[in-house]
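In the two complexes that follow, chain A is the common piece, with chain B as its partner first and chain C second.
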Partner chain A sequence: MTDIVQILVSGLTVGSVIALVAFGYNLVFASTRIVNFAQGSMLVVAGYIAFAVARAGVPIWGAFALSIVASLAVGVLVEIVAIKPLGRFDPSTNVGWILTTFGVGLIAIDLIKKTVGAEARRLPPLADSIFGWKVAKISGVAITVPDALLVVSALLIVVGLELLQTRTNLGRAFRAVAEDRQIAGLMGINTELMVMITFALAGALAAIGAVLIAPRQFVKLDLGVNLGLQAFIAAVIGGLGSTRGAIVGGYVIGFTTAIVSTITSEGGSWGPVVVFVVFLMVLVVRPAGIFGSPAVEKV
Partner chain B sequence: MARAGTEPRDTEEVEPLPGQAGQGVLPIYGRRGDLLRFVPILALVLFIVWFGHAQADSRKWLDIGTEAMYLAIAAAGVNILLGYTGLLSLGHAAFFVAGGYAGAILSPALGLPPWTGFVLAFVGSAALGAVLALMCCHLHGFYLTVVTFGFGALVPAIVVVAKDQLGGPAGRAVDHFVDTSKVPGAGSGPFSLQLGLFYLSAFFLLITLFLCWNLVRSRWGRAYMAIRESEVAARVSGVNAYRYKVSSFALSAGFVGVAGWLGAQRFVLVSSQVATPDQSFRYVIMVVVGGMGTIAGPVLGAFGFSFGFGIAWVQNTFRDYQGLLYGTLGLIAVASAPEGTVGNLRRYVRAYNVRRAKRGAIARRVPPPDVAPELQRPAVRERAAVDEDGASEANGDVLRVTGLTKRFGGVGALSDVDLVVKRGTVHALIGPNGSGKTTFINVVTGLYKPTAGRVELDGRSLEGLAPAARSRRGLARTFQNLQVWRRMTVLENVMVGAHTRERVGLLQSMLRTPKSRRVERHLRDRAWGLLHFVGLAERGRDLAGTLAFADMRRLEVARGLASDPELLCLDEPAAGMQISEIHELADLIRQVRDAGVTVLLVEHHMDLVMGLSDTVSVLDYGQKIAEGAPAEVRNDPRVVAAYLGEESA
Partner chain C sequence: MHPDQERDFVERQVNKDISRRTFIEWAGKAGIGSAAAMSLSGAVLAACGSGGGGSKNIAGAGDTIKVGVIAPFSGIGAFIGTVTTNSLSAAVQELNSRGGVLGKKIALVNRDTGIDPVNGVKAYNELAGDPSIVGILWCGGLGFEQTQEQFARDKLPVMAVFNDAWSDKRLYPDDPAQRSVFQFLIPTRMAMDTLSQYAANDRGYKTAALVNDVVVDPRTENQGFFNASLAKVGMKSVGYETYQLGNSDFGPALQRLKAARPDMVAIFGLSGDTANFVIQIDQLGSAYIDTPTAKDPTKGWHPHIFGSPGGTGDHSWADLAKDSAKPGTITAWHVGGLVYLPEFAIGGWMKKYLDKLPTGGEESPADGLYTLLKGVEKAGTTDRLRLTQAIENLGSLKFASTTYSFTQRRHLSKTPDDMIVVTLERKSGPATTDPPYHLGHEWSTDFARYPAGPTQLVRPTLDANKRAQPDVMKTVLTQGWGTQCTKNPDGTLSKECKIH
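Our next item is the complex of A and B:
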């Protein structure tokens, strides 16, 4: 019983952590057909910004808000440096964007290393208690406020993003740009602006993720590589571009890892191997992911 | 066939194509010709000899030199996949580690002599690469990159899981498994071990380059490039794209594995620490900065980074900030110099030679060899076996389609179409836009799976056959939206067209054995003959992307004919052509038919269809509404209605 509750709690929280990062990949992919390999680094940058602000004495909520604002700018910067110079291109055949976004990610990490330093940092949780409730125990498994906050916010963001993409003009414009950038432009959509807005929003998502995750994981330089990669796999499993896919993919990884680490003695190291096998199997069966639509070959 | 009235156009004024320059693009080398090609390799050998002598007393520079050599091997491997096949892997650092384990630990453990470790390093990495590739080469575009990225990041987990064998994150120390002081030239100085390793690495680099050089000038290398330029065209030309992508992946992993074996020798350690995505990214950046799709490019890139890091200032500034360096260089390279160093150098040389050609100092083009225009028929191929039972020749039908139906979701693109194409005829398939003509060709050539119905070629069902296998059976086609392989030469395009006509193994190609030479000669002669036939021989050595529109269509015809097909499907060959060009096209199609190749012509242009066809079939909304001789069909009320609307009929 304890094991099952442990798996549930751990799967949900880890899954939500991963999903929070994966949303960023998805948002960008949904409007540009580009996977922003710098997303993991944007998470790290946002985390360090929040840390720097909090260290200066600002309460954590203030640091959170400031980090979101700053990350909007970081997103725009990434777009200007990595995507703008490529000009017009077809993301499916010309893969230069993989190199530029990856490169920007590396640069960002090194800049942090140079300015803030390489140590791992701790951020205080956004809330220790809600209305006096601090921690619940089910079969001896503790559920803390930050964990609950994490799981709930991830679900709220899914709803929010889906509404944004399907119910607003901005979201429709995103999808139009993704479908055919040229025609979207002819319909009066400022496509360059849309791409930029997408990256800005991806930055904001990275900041939200970084601060919510921080109580579980230190803010550290290799966060982007480890967590970013898992999130990336989650996004692909769920289907790139699909928000609900991201959270499902996150849960798949979360539960897989939790189950594996419960039933094997060296769970921590078998986890990634099993996740990768699951990942490959999904790609073999459904190359575009669970909720993705397969690319149509035009002849 | 002489083409009256069409002057060969100037290649030189055409906008240079993005990306790498193809082989044999003239005028690069001018009149002095091919000898100049050997200057870079000669320079490399001289550099190695000089470096070994000059730096024999410097341990630091010997280490750097060794690193430069094996990184160049790794980069050359990555280049096979990225530069020639057009697939980007961000996980190749894993094969460096795999090669180290296989060559430096597994191989001695099996009791093999230490010198032969490179064999297992190559084979082990290539096998691992093949396994991964088998699982991901069906994926489109960057999804492959995604999988390799995940795979590369998996290595740290694997070394922990198998820490008894692999030694965990710290890796496993190995002895100086090869006594490199015995390498010729290592001498007896204090650093003879290091000097010997340097020479050993340099030797393997030269071998690697030799193999790569041969590879990209072979049937295999051209197939890789064709996949890079247009996978769909490669498939209908008889290249089994999946298989070739897997082989390219395995090959490239194998070379990186050999680099890993040399690396293990240098560090006296095999460790997974180097198998990070960052490291894989570095390989890629070396290739991109040096020049993708060129032999010299990856070497230059690897040398630049390795020797650059030997400079004290660079080392002190960037030791802890390599991401900054590589990231910035990657940004600059991709955004402003996608052709890389070598590509840009070639462009300068070509521009210089163009200026000289304009002054008349050198010939504008090297003239094509004098090969007779040809269209060999009939070919002796596997389908000859069918002829024995008399099934095909007896009924005289090349293509027999029955009840063909294709639905996309709920939309019926083709419903229950029957069509028989008689041997030696030009059979036209016409119909208004969206009537299913191109879908018909796509189903027949195997690009689309039919919802129902049967397609027979020469009396044999094509059911379940991939496009490449159908090409082997005798199907060829051209594309409405041109699919020439733009960054290959015109000649190379046609040579890939003849892909199914010859067979030669990968190893034979890389070693350039007599058999591989013979195959090359056959393919080349045939390609020249076909280029003479369609009137493009003059342009044979130019990049296909520099051809004018109508010439690209001719090229697609030549490419299709190169496989010696039973049936050639032409998908709107006259689209976008001028009247004079259409007349030339009609002549060409007649000649093709007279040579014994049956033609299925999908076309809008009525003059062309009516003047040329023996039989005309008309499609409307996916259904065949009329069939017969051109004159009958022209006056059929249903056809008139389909084209002009009900009232006109």
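Our next item is the complex of A and C:
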């Protein structure tokens, strides 16, 4: 029983951590057909912004809000630096965006290293306890308030993003731009603004993720690479562009890792191997990912 | 040095030292996957490097003596390059002001490894191919392991300043082909031996488990080192768990460890994951309390946490783990490392020549350089074999910090007698003991602004430390640096101080 509860708790929390980063990838891809490889770095930047604000004496919720606002601007900046200079392009044939987004991410990390330093930083949790409850134990497995908040928040974000994309004019505009930027423009949509808004929202998502993840992972430079890679795999497993896919992909990795770690004490060695095997199996069965739509070329 | 400067100096030293350790471990063990490519490039370049630096009288070697320096001057380990640069810049100016070596000025030839082990191999081959280079200081740059065949081939003296060949038994005499390599870094295997001895002899623990980062230790050598260390002191390993760098979930591992109930758990990884581990063990209700509780199975599972030098050697992991970082958590270090005294020479030279303060680790590149040059001076030649033999016979050396030596049968500057154990303490003071447990001078001054930090000299081998470093230990004890523990009426230190 303990093992089952442990797998559930570990799978959900680790899966949610990964999903919180994968949301950013998918949001940008859903609107632009671009994978923003700076997403992991945006998470790191947002985390350090929140840390700096909190260290200045602002309560964590204030630091959280300010980091979201600042990260909206960071997202816009990434778009201006990495995407706009490429002009009008077809992301499927002109892949300069791979280099530019990746490059901007590296520059951001180096800037943090030069200005703030390379040390990991601690951020207080958004909530340490709820009505006096700090840690619950089910079958000897600890469940904490920050972990519960992490899991619930990830689910709420899925709902929020789904609603945004399907029930709002902004979401429809995103999809239109993704479908065919030229026609969307002809229909009166400001496509450049839509792309910019997408990156801004991805920045905000990075800030939300950074603060929620911090109690488990701290704020540190290597998050961008470590978590960024896992999140990218999760996004591909779930289907690039699909919000539901991001969380399902996160859970696939989270539960796979939890199961392997429960079966063997050498989970650290075998976990990534099994994750990649699962990743390949999913792609063999569903090349576009679990919720992805296969590309159809009209002739 | 003003008190504020002194405090900043110690803080920065401790802050940086963990990063140095971290990178050192990476430098020694990363890049295995590139081995094939590196062997190939090494073989091609070897043709140029082989045979360089043959027998040559130093008198005819120009106006300068050139020393190669291989370090990460860029990338994630760039701070190691900074430490190296500052150390060697100050040391070279000091040595040149003394007239150089055999009347010649010293010049450094730097090569950057960045984050790619291939660069380390290439840099070595390039430097080894230059007959005017008398030896190499390998200061944490990647590619060290992958270049060991070339070391054996070229026999060019290499000072492993921040790289660990001893633990892998790739240092002379364990590996007869590596006679030209001399190591300054405290080896992981020696640290584990010290920790195991302390766990068994001073704390009375019977069982232990290891939690190992397989990114930092990709060949999982730590498990073998750990089990061997435990076996030497009669302890039993009851668990081995692996994790990946940046792991956020130790849940399944902790469930298994809880069932196995080791008296102590050693976690060998970096500070962030170490902090995460102790946070999660705390959330499980299994945080360390004290030694009697750790040993008593009727009181649940509250293991004593032992950390790696890189993971728990300074206060950064405690800053991350906050209240979950329990007093009494320990790790291994060496005299002259964490017990870094302001009067060590390198500090003065850096102030004099660079107007900078040491940030930690600067003593080692300087000592490496000094060793190599003293060898040249003694040998009177750049002939590689004679230079190596000269270094083996230099006797005791003292330059940038503490006294050290190499011999024909020992190419490691550190000895087990140099080892100390470091404990975590909190600002609120140590746990109550009878007789009382006194913290050292550094606690009330240097670490005063932190909620928690390391103290030194739980001295499992105080007598040995005195044998190895009599002057340093005298200063440490008389000036009140390091944990003073509890004192017996006759002034000797009591063993009781070790029981938190």
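Brief remarks on what is shown
The working rule: the second predicted complex is superposed on the first by the 296 of 299 C-alpha atoms of A that agree within 3 Å, B and C clash if a C-alpha of one lies under 4 Å from a C-alpha of the other, contacts with A are read in each partner's own complex, and residues count from 1 in each chain.
We take it that contacts are C-beta pairs under 8 Å (C-beta built on N, C-alpha and C of every residue); 3 or more make two chains touch, one makes a residue touch a chain.
These numbers were taken from a predicted model, which means no experiment stands behind them.
Taken together through their common chain A, the two structures put chain B and chain C in a clash.
Contacts of A:51 after superposition on the shared chain: neither chain B nor chain C is touched. In the superposition on chain A, A:174 makes contact with neither chain B nor chain C.
When both complexes are overlaid on chain A, the residue A:283 reaches chain B alone and has no touch with chain C.
In the superposition on chain A, no contact is made by A:291 with either chain B or chain C.
When the two complexes are overlaid on their common chain A, residue A:272 makes contact with chain B and with chain C alike. Once the two complexes are overlaid on the shared chain, A:23 sits clear of chain B and of chain C alike. In the superposition on chain A, A:227 contacts chain C only, with no contact to chain B.
Residue overlap on chain A between its contacts with chain B in one complex and with chain C in the other: 266, 269, 271-272. Of all residues in chain B, only 88, 90, 135-136, 138-143, 145-147, 149-151, 153-154, 157-158, 160-161, 232, 276-278, 281, 284-285, 288, 320-324, 326-331, 333-336, 338, 438, 442, 447, 479 touch chain A in the complex they form. Of all residues in chain A, those touching chain B in their complex are 35, 81-82, 85-86, 91-93, 95-96, 98-100, 102-107, 109-111, 113-114, 225, 229, 232-233, 236, 266, 269-273, 276, 279-280, 283-284, 287, 295, 297, 299.
Those residues of chain C lying in contact with chain A across their complex are 15, 19, 76, 79, 212-214, 220, 239-249, 251-253, 255-256, 258, 271-272, 275-276, 280, 283-285, 316, 319-320, 322.
Across the complex, chain C is touched by residues 2-3, 6-7, 9-10, 13-14, 17, 118-122, 135, 137, 140-142, 144, 213, 216-218, 220, 222-223, 226-227, 257-258, 261-262, 265-269, 271-272 of chain A.
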